[in-house]
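Note sheet for the following structure.
Letters A, B, C and D mark the chains in the order given here, with residues in each chain numbered from 1 onward.
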Amino acid sequence: MTKLKSNKAMLAGLVIIAFFVLVACLADLLSPYDPSALGVAYQKPSAEHLLGTNDLGQDIFSEMIYGVRVSLFLGIFSALIVTFVGSTLALIAGYYGGAADRIICALTDIAMAVPSLPLTLLLIAYLKSGVFSLVLAISITAWTGTARILRSRVRQICQLPYIKIEKTLGVKTPVILFRHVLPNLKDILLTRMALSVSGAMMTESGLSFLGLGTYGQKSWGNILHFAFFRNSILRGQVWWYLPPIICICVAVMGFMLVGYYGQQKKD
Amino acid sequence: MKRILALTLALLLCIGLFAGCSGETKNNGGTAPTAAPTQQPSGGESAPTAAPTQQPSGGETAPTEAPAPEGPKHVANLIVGTTAANNTFNMTGQKDAFGRMNYNGLTQGNFVYRDENGDLKPYFFESYQISEDGTVLDFTWHEGAIWHDGQPVTADDIVFSFEYMRDVKKVGSLSNLVNIEILGDHAGRLTFSHPDVYYWMNTSVMNTSCVYAKHIWEGVTDYSSVTGPEAAIGCGPFKLVSYDLDSQTSVYEAVPENAFLGEITVDKVTVQSYADQASLMMAMANGECDAYYTYASPIDATLIDSFTGMPDLDLGESPFAGSYQMLFGCSRAPGDDVDFRQAIAYAIDYPTAATTINGEYGRPSNRGVLNPSIKGFDSSIAMLEYDPETAKSMLEAAGYKDVNGDGWREAPDGSAIDLSVIPQYSSNMEVRSRLGETVVASLKAVGVNCHIDEEAISNSEIWEDKVTKEDYDISITFCTSGMSYSTPFRYMLAELREGDSGWHWGSYHSQELKDYYYAMTEAINDEAYLENSKKLQHLADDEMFALTFAWQTSFFPFRTDKIENWGNWKSWGVINSETWFRITAK
Amino acid sequence: MDETRQILLRVEDLSVSFEGKNFVQAVEHVSLEVFTGDRLCIIGETGSGKSILLLAILRLLSPTARVTGSVRYRDQDLFRLTEKQLDAIRGSRISYVPQGSGNGMNPLLRVGFQVAEPLIAHRGMKRKPAEARAVELLRRFHLGREETIARQYPFTYSGGMRQRALIAMGISAGAELLFADEPTKGLDETRVLLTAEAFNALEGQTLVCVTHDLNFARRVSSRVCVMYAANQVEAAPTEELFRKPLHPYTRDMLAAMPENGLRFRPGYAPAHNDADTAGCKYRLRCDRCSEKCRQTPPMFDVGGHQVRCWQYE
Amino acid sequence: MLLHVTKKVLIAILTIWLIITISFVLVHTMPGDPIIFLIGEEEYYYLLDNDPAYLDQLIEKYGLNDDMGTQYARYMRSVATLDFGESYSNHKPVLENFLSAAKWTLRLSIPTLIVACFLGAVLGIHAGIHPGGRFDRITTPIFLVLNTIPSNCLSLLLLILFAYKLKWVPINGMVSPGVMGAARTASILHHMALPLFILIIFRTSGDFMLMKSTVSQIRSEEYVLTARSKGIGRQKVLFRHVLKNALVPYSTSLCMQLGSLLSGSMIVEVVFGWKGMGQMMYTAVSNRDFATAQFCFLLSAVCVVLSNLLGDIVNAAIDPRIRREAGADD
């Protein structure tokens, strides 16, 4: 029974992700105004400005649309890094075992032990503010979870007889890894990637809240930060602070549905 | 099924209790709150044995005459809300709420204070005279003053204070003090080798230039890291009685002997610090604190309009002396061309900049850099106008055309233009980065390509290095209201006086700018100060090496339901050096 | 058989189906009777619904199962009992013995305790004496070093040891009716013999065993019932069935045994929800299929030997 | 078994040492001149104008311009002697700041951990026992949504709703001033209510998800069927069989959470002005307060490593398979 239910939920997740990816690609066509063009500040939602304007008179609706592009790019890009780093380390640790495994495990333990948010704060001070440095800062501490789960799965797979046979047949290691082991990890990779995208988005909104996000690009976190900075909640400007919150929640939910229910289907 | 639910509810209840009492046990069992209010070692309550408060004999101008004998209704407990923290209590520095409150002479005997219109008035001094040539200062001080630990203030303390400030704290403006004499039981004279008296009194009125207790500070060189209760002792009208780090409050009680400006009408002052302005305003709206004071940071305009029209809550509106400036990079093309600068002056979207800085209270400024609440403001100077068409025509006239048709104008010699805009680095970058966005959008609208220098935004070292090396085309800086005496021009100096070392961020190398600035700050009387200030403003109007984005209104709100006779000073607020002697309970 | 045998379990017209995306009819109109002392073996291919039949009787299926028909144990109708009353029977009167090879035992509890658990629950014994009783039971099935292995955990046991420990667990509270589910699955030849001896050593317990291992069934059972695609197709005393199988499926099944020459009948059992398998489920593979077989034949009684095939009308 | 534990402890110590070094290098090579943050922007520029000598004196005092090697050696010595130097912001010993900050963070994190662990477990079991059931269909979406709302948005919205509009909860700070004894505890509880509520929501949703998936997996295991067939009653089946097995992954995650007990949730503490470890770490890093920042890193590293160690030990205690496998693998 749960299989049926998870498909529906996973489907919902996929629909949400597809919607946001579509909006990100068509950002230029969809957004009515150039988000950095100035105008009359603090306008209420009206026909021309669907979501009103912010403190610089920029149209919030177009800002949100471009925000999709930045936030998604940030989430997906850091998820790619996290999954890539996590899986390579897991493959090496799982396949070779022995010393390599122990070193990589120690490395994962260390990375896990370092508190993620303060380290990110530190890294941001190093790197010049911009989306790339934010992505780097977020993904440096986020790969440990993926690495650990994948490693145990890879070790399981490597115990299977057909991998041992491959080894005895002298098939070159990369071939074994990428043709045999990796396809088996496909669904874990998918779920971990989805979960790390939602994790990255949550961290980005947290960092932007603390004023450490990107000042250049307009991500949702950035819009939200200026909404809080201009006390929009107290002034009742619901149209300014609610859309970013809803978008972040829905996007994170979308990825989590795919990640969480994808996992359940596998077991 | 039912039994499980019942079981879980019971568990939840006892958990709630446990969590509660864990708070309890943690509290009682755990260490007593480390910041148990420390009782000032004031050697027991000093019975008011000292002679009845000395009426200020012959003071320069006594404030409102002490009213009829039955005396004004005292304010039992004035609660001051601030966003500064209540962590360090050291009178030698300006850190945290304690340091900033001492600008208002709360616990320290500041020699003089600056009144509502910016004129110097005696505080710990009873009276003072400056000699014609500005090198000698005669003064008398309040005789009955006592230190908060009960010991009387002696002539030795006065001599020690000046020596300590000159030799240990190395206050720049006292470097030429050659002689400190005591001329009677409470009169003294300072003699300088240069006409620096006026300069010292003006620049250091806020920087802890007050009486130092000899029996505490003698021989202490590393004064900023003294953390004991003795570091908070002064001879001001109030003494620190207790502080609680957990609830971020500090309590001060009146010391009748140190009534410098008349009877102290406030019995107790509580300084309560809040996490941010929003929670402070919410607390004030709920009546939890009486007035707002944080040095040089008024309540943000966007916050104010959620509290307009509240009963018993006066917003404390007044013109603000602080302002945001835009400096041109005059040491390299295209900033070195005055026509380019004059054209750009028409391109900046001032209305948007004004709203960004100060909400609907911001007003575009004039071409003279200073704003009306600064001393020496010249109202004859023309206003800045936002007129993109004029800007475009002026750029065309000056030879800045779009030669290669890529949409961006090129320099007369054909080289491409891509101005780098650098907002000044600070811990809160929001307003400056928004101003940066405004400048970039405005310039692009008139065809001048530009970008925000991302690197400088995120790193103070890189920013300071670029600004000192004049490696920028447009720099956005902020001048606090505290610098209103030395004016924003201080930021525009490209090089300092010989022998002076310090920061210089300007890039407009001109002898007039330097001469006028130093003539102004070292003027020995008001006329010289005003004359040079006007010259500077006209220089800025003609050369347009820098401009001020907007004139701001500042808000220092206070409640009017329990207390009256407030005095709201321009861009300072109701909490000032005279508050302790004028406000009364209703 | 002497008269002291009384009816222990009467299952009448038991059907089990699972709703959901695809409707599954796991068990269709099964009726059987078990007398005290009987050793009934239910034989059938995997997926013929035999395990589900066992679980349905003890109402251990997941809530999504829809069970019809009636099961009477002695004088109680199991389907009318409340959960509490059913628990009083489970483990103490009727007990279920899962496969040895699966993780039928809780990995985190000592084997001794798990074997003793029915005693603690039903006989109100304290833990210490119950566990002592458990060690005796393990000794009875001679697992070897019973004293020490009782304190060990299930993962240290081999498949055979686990199966015998599970049997001990089944009878520890003195249950009179034992349901065994595929006891020989995953065991090698010698372990199967050991398990068969364990079952035969049981005196006084009535056994209902589900298996697809025909030799084991022959060795352990007194009566056999054959199931095919959720239907009961034949039931008879063991020797009679093995010597003279009546139903075509049973005959083919026995012919496919190694001892009888490995003659295979091609084809598969119909899937649970195939529409066109009305009537006799074996129709498509049966060499004596006739028009009549389109209707489901009833169970004909040929001298105490029931068979569901029109030939014996 | 003992050999296994000592090996684990050794690895733990090595990890902590590595983290100290990494955090030292990271903090010390952080761009931005610490002096500016040490005494505040304004005073720095004022001193630069009037009294540069004093600035050099400060730099000398904090040994900021020594080369990295000597600073590192000095730091290692101080770590060994547990004297973590003086916090740059208020010149008090770092340990003293830590004690007061830790006290406040623990007041939030311990009740959160306990309540969330219990609530998450109970609700998780109910939802896990009948996956797809009515209870599951109601609670899972709720907790999934709660899991995704960024904590800063929820905190701000609730702060304004409950504290400002409804005035149920004080707006600011951790305790109302000038109260002692029982009144002080009451005021602490009153201030603690909203942040605790938010933290509990987030933590419970995490625990709920974990427990639900674990229980729904275990529920279909064979030994649960055997247990039910023993007629020992629904309660015993749940607690003795299902729950015990569900505890293994659940307890590991709890131990992991123990690691973050002291680091506190930075965002909730910043919003509520809760002077806990989270805020201390945030101000230390953004103000380049080297001494405190390094101490915070060291502390959280020790906490996480210890909690991992504890997690392993608790696992081995509950699950004999891990105990034997642990014993066998060295």
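Keep this in mind: contacts are C-beta pairs under 8 Å (C-beta built on N, C-alpha and C of every residue); 3 or more make two chains touch, one makes a residue touch a chain.
Note that the structure is predicted; figures quoted are calculated from it, not measured.
S.K.: What chain pair has the highest count of contacting C-beta pairs?
M.R.: B-D
S.K.: Any idea which chain sits dead centre by C-alpha averages?
M.R.: D
S.K.: Please work out the Cα centroid separation of chain A and chain B, and write it as a whole number of Å.
M.R.: 43
S.K.: Centre to centre, by mean C-alpha position, how many angstrom separate chain C and chain D?
M.R.: Taking the average C-alpha coordinate of chain C and of chain D, the gap between them is 54 Å.
S.K.: Round to the nearest whole Å and give the separation of the Cα centres of chain B and chain C.
M.R.: Roughly 89 Å separates the two chain centres.
S.K.: Residues of chain D touching 2+ other chains?
M.R.: Where chain D meets two or more other chains at a single residue, that happens at 31-32, 160, 164, 270, 286.
S.K.: Listing for chain B: what residues touch at least two other chains?
M.R.: Where chain B meets two or more other chains at a single residue, that happens at 282, 459.
S.K.: For chain C, give me the residues that contact two or more of the other chains.
M.R.: Correct list: empty.
S.K.: Would you tell me which residues of chain B are touching chain D in their complex?
M.R.: Per the touch definition, chain B meets chain D at residues 3-4, 8, 11-12, 15-16, 18-20, 22-24, 26-28, 30-31, 33-35, 87-88, 93-95, 169-173, 207, 222, 224-225, 227, 244-249, 251, 270, 272, 274-276, 279-280, 282-283, 285-286, 288, 426-427, 459-462, 464, 480, 482, 500-503.
S.K.: Spell out the part of chain B that touches chain A in their complex, as residue ranges.
M.R.: For chain B paired with chain A, touching residues are 278, 282, 300, 302-303, 305-306, 349, 352, 355-356, 428-430, 433-434, 437-438, 440-442, 452, 454-455, 457-459.
S.K.: Residue numbers of chain A touching chain D in their complex, please.
M.R.: Result: residues 1-2, 5, 106, 109-110, 112-115, 117-119, 121-122, 125-126, 198, 202, 205-206, 209-210, 224, 228, 233-234, 241, 245, 248-249, 252-253, 256-257, 260, 263-264, 267 of chain A touch chain D.
S.K.: For the complex, which residues does chain A have touching chain B?
M.R.: Those in contact with chain B are residues 36-38, 41-42, 55-57, 124-125, 127-130, 211, 215-216, 225-226, 229-231, 234-236.
S.K.: So in the complex, which bits of chain D are touching chain A?
M.R.: Within the complex, chain D contacts chain A at residues 11, 14-16, 18-19, 22-23, 26-27, 30-32, 131-132, 144-145, 147-153, 156-157, 160, 164, 209, 213, 216-217, 259-260, 263, 266-267, 270, 281-282, 285-286, 293, 296-297, 300-301, 304-305, 308.
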